[in-house]
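You will see chain A twice below: alongside chain B first, and alongside chain C after that.
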Partner chain A sequence: MNWSVAFSNESVIKFTARYLPRHVVGEIMTKRWIDNAVPFLALLLVVAICGSLVPDFYAASSITDLGRQVAEFGLVVLALSIVMISGGIDLSVASVFSLSVLLSLIGVNVYDWPVPLALASVLAMGAACGAVNGYLIGFLRLRAFLTTLVTLIIFRSLYDILFLRMSTAIMAGFSDSELFFFIGEGLVFGLPVSLLIAGTIAIAWHIVLSRMRPGWRLTAVGGARRSAHNAGIKVRWTVFLAYVWSGILCSLAGFLFAARLGSTGADTGVGLEVSALTAAVLGGTSIGGGRGSVAKAIMGALLILILTNSLVNLGVNGPITSTILGAVLLIAVFIDMRWLRHRTRILAKLYVSPAYLVLPPLPDTAAPDSPYALNDRLRSVEIIGLGEIEGPEDVILDRNDNLYCGTRHGDIVRFFGPDHKKSEIFAHIGGHPLGMAFDREGNLLVCIGGMGLYQVSPDKVVTKLTDETNRSLFSIVDDSRLRLADDLDIAPDGRIYFSEATIRYEQEEWATDALESRPSGRIIVYDPRTGSTRTEVPSLVFANGICMSNDGRSLFFAESWTCTISRYWFDGPEKGKIEPLLTNLPGYPDNINRASDGNYWAALLGMRTPALDLALRMPGFRRRMARRVAPDQWIYPNVNTGCVVKFNEKGEILESLWDFGGENHPMITSMREHKGYLYLGGVSNNRIGRYKIPGADPTWVAEESYWGPRK
Partner chain B sequence: MIAALKKAYANFRGFDLTHSAVPPMEGPLRPNTRLDAMPVALALDGIDNLVRFGEVMMCSSGMRLITLSRAGQTLNAVEAAEQPAPISCLASDGSDALAVGLDGSGIVIRGGKHDGRTIDRLGDAAFSCPTSALFVDPDTLVVANGSSRHNAADWKRDLMSQGSTGSVWIVDLAATGGAAVTRLAENLAWPSGISLKRDGSFFVSEAWRHRVLSIERKGGAPSVALADLPAYPGRIETAMAGGFWLALFAPRNPMVEFVLLEKEYRRRMMETIDPEYWIAPNLAPSKSYLQPIQGGARKMLNRLKPWSPTWSYGLVCYCDAGMRPRWSMHSRADGHVHGITTLCEWDGTLFAGAKGSGVVVVAPILETDGLVA
Partner chain C sequence: MRLTQEGVVFLLAAALFALFAATLQNFLTPGNMVALVRSVAILGILGLGMGLVVIGRGIDLAMVATMVVSVSWVLSLAQASFPLPVALLFGFLFALAVGLASGLLVAYATIPAIFATLATGLMVYGMGRAWLFEVDVQNTPAQSTFFTSLSEITVLGIPMMIVAFGLLSAIIWALLRWTQFGRLIYAIGDNPVAARTSGIAIRPLIVAQYVIASAVSFLAGLVMAAANSGMSTRVYNSTMIYDVLLVVVLGGIGLSGGRGSMRNVLVGTLLVGVLLNGMTIYDIPYTEQNLIKSIILLAAITIDSLVNPRDEQTAQQDLGDI
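Coming up: the complex of A and B.
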């Protein structure tokens, strides 16, 4: 069978592009938890293999026993993980563990301390041991590896000395504490007590590490020590605390161990640091710091415990088990290194996921009777602000003839009317201002790419209105934050409808979204009366221009990559209806605005080309292009030619204004009519154009068309 | 099976198995704006095939054969003769004979002792794509047939269908019973220029493989004289000071190289789209917005950057006697002397004809230019 022919069949392409959610793969890859996928799969594999080889693997008693061991070992792995996340390493975990076992038994068995006192003193001892490490490494800046190697030996020696003196006393003594026995052997709801304790601690640490400031600071210190310092984090103190917590968790693990076994031996805790390190790395905690989680620690601990227990059960002797663990550690380190190095590259290859899109045949622009007939009417327009502004995506005029535009430097510039020779920076917001509109009170509302919806009052006060909407149920990327708010308009009741072009890319990556042509944009409504933000129309292909129709109940919106302008009723009897109005534009529509004669202007930011139209029907071609060809070499919509069209509510094109060849105005992204003139903006231009519209009403002002004459 | 796996792995890792990576313009090919700075000697749409012919210069524009007179650094059209087909190449024997390549129907000799002789068959096949001709002596002509499947005007289709059906022939005009032709080389990917070496062998540029071959007079396997060019080589002219002028008529482009790997896309593009709007090299920037643009060619702050990726370019390279590039003249993405298809040296002056932009630009050849060799 000839596969290339089979797969090139267009209906197959259409089917797979529609029903095979390729983009999901890339989106999952952006998630931080994807790091856990490999250890999780390894865990499943180990469980499956060991479960089939080891007799009684799934028996209740084995699982309870495993639970108790997981509680102790897991705490040690967690301790080590915390230190590793902070960018260090703690080899002394095993020695602290054995010291704690000894101290617990001395307290409970020999001196009959009450259990809480024994626990407190054990934890204090652990904290002290951690503090020694933390002080030496955090404040005196000694090397973590050598320091903890030394403390490993010192604490171990302490253990050996104390063990020799006290072993007979421990053996002779016996605890009659019910509580101590309960901690060691008890079950609550069928679960070992020690597992419950460890589980509670794990959940607490999960919340701290993933949701709270101390955890984020710890990760920051491990990820980039200098940046963390520059960000104002107390690096030394954070490192110190990481070791203290490591000591505390290890000592708790030792206490649980003592409670379970009630005795200790000369080899208690020997080699534990290697197993713990193996478990941490196997779980996916990075040796270099800055990456790790409680889930990783637990998975690593489970992997190692199941592996060692099963090997012991199968009669494999100690040295061989150690060899196997060593080999596993080596493989884990190798995978960790490769994964870290290639993750972003794999992501870059997988993320771009073009859709299948068929555009109708290109309308003819060469015929003189075509509504799109070519002309050069925009070639000789007046030019405003040449070289003073960069990137006026949208332009707007107020009742006093002042002209406002955004720039890529994050400013809103105001040109003073009526001649627009002088200008000032009206407001500095920081992100690139895109669509603009005036509300009833004369506030300027602006969509800012990457930031959200902002308001600038006439006295220049900048207020954030919204930067998030409701998270949709099945989205994988977080679509609650606004990534690319694009254009807006205001309903008569004050509700603000604005478009978000895409939830998958940032503003400067708009061309990658064009390459995908996937419905990842939407229309969102912000209600100033309640301060709420809701997604109103989801799944639009690069939702762009928005303009209220003159009936006050519906709006027109543009979807750039499908070359359509549609009408959406948000009120009235037809509420919720969407009707495509223009479905075959010769270019990619951008902003839409009202014209003085009751019709509407739409800017075409670029023109369709047959080669790109063909590529849109071949998702595989575009996917390979995205992978193999540098973005600078990709084929783009032809944004070097600009065009403005006027349409009416019936969906007829009334006229077209061209700058054929794009000498003055390539990539026209917006236009506003004001007192008989049309003002032109372009997101990558360094000027604003002013075109006298023949026969247009010389008194018409957009603000009055929305909000009535000046009061 | 193993080949398929290898290919899949190379696809995944992005290896270049097909040698389609475009080499950068560097060293002797470092970009400059010399072509744009040169004065325009003549503006004429479709100007091509400049050739010295006694005290005048000949050129072509479509089907017209035009006589040009020289006044210092300008050329003036004095006379035009309509030919039966578009002229695809010209060659002069240095005295009174002119070989005129007619697209689709071979070569016809005008003037001289072989006046009126036509060469319309090469061996068993028709001579349909004369891309270059060269008089070795008044009785011997070397001709290049760019492709056996497409006409010269259809060069883009030949490139995009990865044609390699071109051939080079030597023609004995004095042979009894009509011209006798002998094949020097075959299976070439669009041979587009011929030049005579001092030792009597030839340099032939093979455009679609972006290289210049050296072909012996007696035939045999060609050897590669210059390879890995960043543009498609065309005509080669002998420089008086020694060495050669090499015209490169269109740039290579990573996107085009990618499309050349995409069989299905190329098929559908060639079937449904006007060649003017293909993803393919061009002689001149398209005036229509229907031609695709590349990301880097987007106008920023109303300007096209000279380093933008481009489908068309102007490039003339001076090579030494061994075909090693020495220095070059450029017209970059934002320039206006694109698609140089023909070169002609006359009394220490170089005339470069840009078919794409429809101009002939002119520059005196400085002594230092030649001495670089």
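Coming up: the complex of A and C.
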């Protein structure tokens, strides 16, 4: 048997393309939490190795002891991580820690302060130390590394001076405070008190960093200081507060340490800054700022503690331990740098995952009796707004003959009727407006690529209607956000049905989605009565174009890459039924709109080619193409020729209008009939076309066909 | 004229000098002047090596570890009755190997210099303590005159270690100022990407910086061993590497690279030297000296930051806010 033939067999390709979820790998790689995979695996490995080598590793006493150390060390690592996320570094953590240990013991052992007072004064001292750093680095703009290096030495000298004077008093004094003892040695539900305290703080910080504005601002400042400033974030305050919090967390760690040991030595906290830094980097916190989390800090702290404790337990002497720590630091930074550098490149190679798709043989466009017979009827059309607009994906006219279109600059431009010579910017939204429709009240509803569904009232007030839908259970990419809403239409009861082309790509990457031809688009419905958004029809191949049928209970939608237009019943006895209407168009359908004679117009944004049709049956070929060939060399849909077809509800093509060769209107993405004329839009064109339809009703206005005559 | 950081520090040093000269009787004697330079010569020598690396936009936190371990190994070999020249050669080669390792990690594995050298420092110290010698403190061999002569010989009344400091700073100054290698170091420090694009083989040059810094550490270690008649490995655990860095930065060599020269190191060393000497004569305890020194350092970099504010556009760097 010839295996190569057997495996290149089309049924095998079909089977693997359908059941092997290759796209999942790429989607997992886009997740932010994938950063944690390497440290997490390293942690598991270290636990497994140390657990098998160290006697009593899993014993309750050693776990409890480890828990207490994790609480103290973890707080210090968290403190450093917060500063690192803000784009700085805080070497003074070690000295603040030791000063806090000393101050706690002076307060409790020597002066018999009540524990809350001691804790408050220690935290205040930590905040003050942090404020010194924060003021110098945040407001005076000193260099973080250097400044905290100096404050490390300053605080350390303070410790040394105080320690010399107070050490005997601390040794002689004894705390009879049960609370202090409880914090240091107590257990609640079998867990050390200090671990519970640190755990609560860690959870709080996790919520702040991942779910709340202060945390996002912190990350923004670290990720791109200039952009954060431009976005209106108070950069200096944010940096200042990061250092203050660092000081507070370190002082708490020192307090817990003091409560646990009840004594301090000349070398308490020496070198802590190096191990904390190692832990932070090992966990995956980026030294450049903007990347880091509580989970990373905890993993890093655990790794370092387990490693050092196990080495001590195994009787490895200090110098070798430090050698191993050095090696671990090197490997961690090395992997971190490689990962950061190559992540996007690996992702780009893995993400594109073409599907298997068979299109029927191309319909004939050369024969004169074909419904698609070529002609040049769109070539000599009137031109509106040449050079004034860029990218009118959709065009629409109101009852007063004013013409609206979107531009790629994020504006909606209005050309005044009836001659459309003068224009104004009707509204500025910021994203590229795509499909448009007027509702019963005359509001203009617009799908904005990358933003969602918006409403512009006749007095130019822009309102966001929706930008998210329900999250599907098994989708790995977050499909709750609208990435590419592209056309909409409104049911008689006011519900807005709109298509989203793909959940996997942004608008400018539409061609990559064409290469994939994967069912990642959908139809979503927004109900203005309840304000809810639900996904109605999932898994469509580049859903692109929606038009209400005249019966008010169904709609037509286009799926570009499968070259089909289907009908979907959302109401009535046939609710939920989907019926393919046109299954073999010669090009890729885009927007659909009503015609004056009760039929429907559909725009073909580009034409099929035999090469791309064949490639669609060869997912492996397209995958290799995406990986090895520069994107400008890929096989694309032929967007150099535009076409508009008219079809009826039986699925018959009644008429085809071409601009063969695309001299005036390549890539037609939309057309609207209005008072006997057809207005043409194209997402990459710099003009709108106006074509006189022979024999069309010169009074027909689409808005009246939807909402009745003017009140 | 813009007041540079170097200027600020120099004025500060001069002011302190004047203050001490006016208030302390013994300060302005030739003997004290020699003692002053002598006390900071080791810091200064290390600062020369660090300065070279920092100009090339690197940092070598392994210098103190290299110094301690290579010289301790030399001493322990010499005590184990190896001929001293052989021991010295071994120590020197060891130092070069450490520099080579740091350089390879920074230049070829593209690990940020702070982390690469921090880690090599840890590893070198650990390896030294574990395998190269056994006790914390190594004494200079009594039968050899090499170390005693190093500390006792004077040239025109100036002790050898000061001469060595001066000579070394002149050599590195000339290297940076007059050789192609030196100019390329500035080019790399100023803008590594531009240097690379214009055809400079930056990786071997970066490795060379760390090798030179390690060699300088070895020399500093010899001077230290001669001055103290031995080498204590506990030096590694002190804040000495930070002091070295501060001498360099204080003098006005920016950590972002491409700026400054050996003159800046001398100015930085001068300030620290005057300070230490004055405080010693005032009989201020060591810990308080540390505090005062570091507060003055903080004042110096704060004044620099106020006089020469950073450009917000270029303030943030890929490798964090150093």
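Note that the second predicted complex is superposed on the first by the 671 of 711 C-alpha atoms of A that agree within 3 Å, B and C clash if a C-alpha of one lies under 4 Å from a C-alpha of the other, contacts with A are read in each partner's own complex, and residues count from 1 in each chain.
The rule is short, and it goes like this: a contact is a pair of C-beta atoms (placed from the backbone, for glycine too) under 8 Å apart; a residue touches a chain by one contact, two chains touch by 3 or more.
Source: prediction; values computed, not measured.
Undergrad: Does chain B (first) or chain C (second) touch A:Thr609, or do both, or does neither?
TA: first
Undergrad: So, A:Ala124: does it touch chain B (first), chain C (second), both, or neither?
TA: Once the two structures are laid over each other on A, A:Ala124 reaches no partner at all.
Undergrad: With both complexes overlaid on chain A, does A:Arg687 touch chain B (first), chain C (second), both or neither?
TA: Once the two structures are laid over each other on A, A:Arg687 reaches chain B alone.
Undergrad: Who does A:Gly88 touch here: chain B (first), chain C (second), both, or neither?
TA: Once the two structures are laid over each other on A, A:Gly88 reaches chain C alone.
Undergrad: Check the contacts made with chain A and report whether chain B or chain C touches more of its residues.
TA: Partner touching more chain A residues in the overlay: C.
Undergrad: With both complexes overlaid on chain A, does A:Ala696 touch chain B (first), chain C (second), both or neither?
TA: Touch status of A:Ala696: no partner.
Undergrad: Report for A:Asn664: first if it touches chain B alone, second if chain C alone, otherwise both or neither.
TA: In the superposition, A:Asn664 contacts chain B only.
Undergrad: Both chain B and chain C touch chain A; at which residues?
TA: Touching chain B and chain C on chain A: no residues.
Undergrad: Which of the residues in chain A end up touching chain B in this complex?
TA: Listed in rising order, the residues are 4, 8, 362, 390, 511, 607-612, 614-615, 618, 621, 624-625, 627-636, 638-641, 660-664, 666-667, 684-687.
Undergrad: Taking the touch rule as given, give the residues of chain A at its contact with chain C in the complex, in rising order.
TA: Residues 84, 87-89, 136-137, 140-147, 149-154, 156-158, 160-161, 164, 224-226, 229, 270-271, 274, 277, 281, 287-289, 317-327, 329-330, 333-334, 337, 341 of chain A touch chain C in their complex.
Undergrad: In the complex of these two chains, what residues of chain C are touching chain A?
TA: 105, 109-112, 114-116, 118-123, 125-130, 237, 239, 242, 245-246, 249, 255, 287-288, 290-291, 294-295, 297-298, 301-302, 305-306, 309-310, 312-313, 315-322
Undergrad: Please give the residue numbers of chain B that touch chain A in the complex, ascending.
TA: Residues in contact with chain A: 11, 14, 253-255, 258, 262-265, 268-269, 272-274, 277-279, 287, 289-302, 304, 309.
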